[in-house]
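Presented sequentially are two complexes of chain A, the first with chain B as partner and the second with chain C.
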Partner chain A sequence: MASSGSGYDLSSSTFSPDGRIFQVEYASRAVESSGAALGLRCADGIVLCVEKPMNKKMMVTKNTPAGRRIYAVDGKTGLALAGYPGDGRQVANRAREEAANYLETYGSEIPPDVLAARLSAYVHYFTLHGALRPFGCTALLAGYDAATQRHSLHMVEPSGSCFEYYAAAAGRGRQPARTEMEKLAVNPTRAAAAAASGGAGGVGGEEGMERGQQLISVAEGVRQLAKIVYTIRDSGGNGGSGASKDGPFEIEMSWLCEKTGWKHVGVPKDVMEEAVEWAKREIEAEGEEEDEDDDEEDGMEE
Partner chain B sequence: MSLSLQSGGSSSRVSASSFSATGTGIVAAANAAGNQVTTRPITTGTSVLGIKYRNGVMLAADTLVSYGSLAKYKNARRLLPVNSRTLIGASGEYSDLQSISDLLIANALEDRCTADSLYEEDNTNEECAKEVWSYLRAVMYQRRNKMNPLWNDVIVAGFQQNPDGSTSDTPFLGTVDKIGTAYEDDMLATGFGGYIALPLMREKYRPDMEEGEARALLEDCLRILFYRDCRALNRVQIAKVTKEGGVLVSEPYELDTFWDYKGYVSTKAGMGTDGGW
Partner chain C sequence: MFSQPLAHHQHHQSLAEADAYHGKSAETRHLKPGELSTGTTIMAVQFNGGVVLCADSRVSTGSYVANRASDKIAQLHDHIWCCRSGSAADTQALTDYVKHYLSQLAIETGRLPEVKVAAHLMRRLCYQNKDYLMAGVIVGGWDPVSNGAVYNIPLGGACIPMPFALGGSGSTFIYGLVDAEYKENMTKDEALALVRKAVSHAMARDGSSGGIIRTLVATEEGNVKEFISGNKLPYGPAGW
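Right after this comes the complex of A and B.
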């Protein structure tokens, strides 16, 4: 203990001499060992995706809400969680309360940025008191603002920090996931820059961005997220405990897009299955391309 | 913003007591606890009629909201869907009806969001009409025990529910009044309609009525109510719940009236006086 925090890590109400709050950092670390949660802002909507390791062989997983990691906040807002599921539920319930309260008070649905701000204020509160434990979870918030007709993705972290993203990842394997997501055409300013530069060579490592490339659609986003989940599981998940790297897992996906009338609903099962098949084929093809004789080409767990 | 864990409210079932009762215009008095309570409704709607028919339930009401005896709002909707298969209609204080509607709609939203699945097709746990009716009964009765009633007589229409949560073939029609009395029947009427329309409906009712017959009966009743109820209007709405189509509420429309009956034409009520007392 003395090695890591030297007594400055006993409470989130104490700074260390170099200005860190260890309890908050530990909370972030708790998130890092959970299955990944990914979010992608596409041209026509948002896709949320979580990877759920299914480690316990005797666990009932069909038709049970127990393993849920994506929650509906109100009709037009969804929340994907990484970290402790119980902490996550607390945050999800708070989000529902804030949304319902806003609707009752102002008679219109809560704008996603307001909800994200209120949620981050709530999470942040738990980093201020010695008597409270910070939340061991990170929340990805997908929402649609009917007034501005704009969809947005926010991420609220255990520290209470909250930003809007084109693509966000939390949990085990978030770093490789971010690297993969940076290759996707989801950032309009970068896509424009890539288009202007003429594509040849790209701008400073914009590998995936080619000239005149359109932002990807949610249909494409679902496929790409499925691929990223399989990719990060393959690569061992960057610094995580790696405990369940090869174990069985499930994917949970939801979206909110033009096609669903901006309602947040689960991605239809057949669309997900198709996306997973595509992802597996894609990864296999890339593997053959890169190294035919590297080492064993195991394929992946069913 | 001050630091607080209060969200400023709660989305959990709003207990009936958290309605801060009195909207403007409701005459209020202090109860034992010193709170303001409604003692008399001000902006009111008159009768609502409801009837079961062969494959559905139908409600009818006019669109008048009166301010005392003044016909103040002539296009007010008093038949309101609260979820995809339940409909309510209410007479009495209009602001209280709005408040009830908000409460039920918020509950329906909460049900949807806390459902076990992200897939709409899996979610059969939406409240059925009987559950809405029963919940409303509890709310109304609690409020009356606080000596602060929601001043409405409400009719709830929809379908019974199978044990698996799916909609059954049996229609549901129930009413709750402002003191929490609740009962079901094949035909119901609130307010003045209880005196004028209900006897007519009882006379004409058959369980196997077609939709058209049910509608004709309700329109006849509304027309008669318009003739005899000083707080009624010939601008009306009809709404139905069917198993296949869910809730459907018509736009307001006007009923034809006929004023050439002898009793209406004879001047001064046939008394041979100047019409005064």
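Right after this comes the complex of A and C.
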């Protein structure tokens, strides 16, 4: 790494001369090598999805309490993690503490945006002190606000930054995953702005965003996320080392929607199995189409 | 055989009691030396789209009226108020704390706090410090979630949501009246008429309630404070 080092990368309490904090950047890099965590805001709820590579040959399953990467914070909030699982548990525990403490103090459930802000303040604190190490994890927070009757998805990163998203991804393969999610999870806020300023392609119009496009349902979201996980694994994830192409993996999924009474619960096994079957069929069908294309356009790069 | 020490014991106790009761009536003998009590009538009633709070204005020190036009309706946030009864010092301190916490919460969440939250904060303080407080408060107001709510927080620190709540020494005289006259889904004017009638009755019958009637109407549009002066009360010496 040519840009790193030079003595400015050992402590998160020292800036490099060009204004960077290397320890925080390294922490972000630690997340990049983890299995992906995806979150999608749908019309009627939020879906969280985590890809769990089975990286030891003799491993039976990661679907045990110890292998869990989606956590319940309180009844109406869920947390999906990418990065070091141990760091993630620390963040999940803090989220639970914040939620419980808010309820105890104010007698009302913590709004998701407040929880996300408090969690990001906690994560950020670990980027300030020489004696501390930043968290090597990114957290996706799905929540429902009973007061405003609004569901939301937030992402807290190792730097302590925190934003709300229609679709968010962390871990290996997050870039292709984001590209895929952008195709189905439109940004209605920006779409409306684009429409107001003269339609897609005009000033304020967003690339790849069609006017009048609607958010999908959570039922469709589960299928699409399953497909995205299989897609990013098949394509070798983040830029073609091919490492993720091999080896079995498991998917963990949860949702929070109108149908579950806005409770954050695991996606039922049969729904997930159906989604995975659908995803495999879709990818296979698309693969056949591509093969045909390849025949026609000879010599195209893949 | 046992009567002698027993009698002595009783005598000793009654001496101590007499000492503690010196110069105090039944209503004020629980007060610490120098403590002021608002022998009071307070109430709050929900109506369609808001809440009306009402209080008399008398502050008594034993048999002496220390203030005849006090304001027992305190503001906790933009649309959230509370009626105070019990020790004036205790309830003032409590409302100051709740006010402070609510303003902090409003900044953190970026939205109007709920009446429920205000009542919960008040309850926590009242319950955790129950051994050191004499405070009975009614929290009421408007928020976008409840569209108007009333919570009664009596002496021990319970917190009870209610369509209407009564408090203070004068309340005992008007429970029957309010039970008979309260209706669900009242208009603002009906609610105002009810609290004025009820509190004026309590002021007439309760020796430690009196002065003027203060009312406050909290709705989405804002708060309207009014008073009826002592010579224009709907019920009482000015015109039974």
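Throughout what follows, the second predicted complex is superposed on the first by the 251 of 302 C-alpha atoms of A that agree within 3 Å, B and C clash if a C-alpha of one lies under 4 Å from a C-alpha of the other, contacts with A are read in each partner's own complex, and residues count from 1 in each chain.
We take it that a residue touches a chain if its C-beta (ideal position, glycine included) is under 8 Å from a C-beta of that chain, and two chains touch if they have at least 3 such contacts.
Everything quoted here is computed from the prediction, not taken from an experiment.
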Which superposed partner A:A121 touches (first chain B, second chain C, both, neither): first
First, second, both or neither for A:A147, with chain B first and chain C second: second
Which superposed partner A:G287 touches (first chain B, second chain C, both, neither): neither
Partner chain(s) touched by A:G67 [first = chain B, second = chain C, both, neither]: neither
Which superposed partner A:P248 touches (first chain B, second chain C, both, neither): neither
Partner chain in contact with A:P53 - chain B first, chain C second, else both or neither: neither
Contacts of A:A99 with chain B and chain C, given as first, second, both or neither: first
Chain C versus chain B, contacts on chain A by residue: B
Chain B versus chain C as contact partner of A:P111, first or second or both or neither: second
Touching both chain B and chain C, residues of chain A: 105
In the complex, chain A residues that touch chain C: 105-108, 111, 113-114, 117, 147-148
Parts of chain C lying in touch with chain A, wherever the complex brings them together: 105, 108-111, 114, 116-117, 119-121, 123-124, 144-145
Chain B-touching residues of chain A, taken from the complex the two chains share: 63-65, 68, 70-75, 94, 96-101, 103-105, 118, 121-122, 125, 128, 252, 254, 265-266, 268-269
Footprint of chain A on chain B - complex, ascending: 1, 3, 5, 7-12, 102, 106, 109-110, 112-120
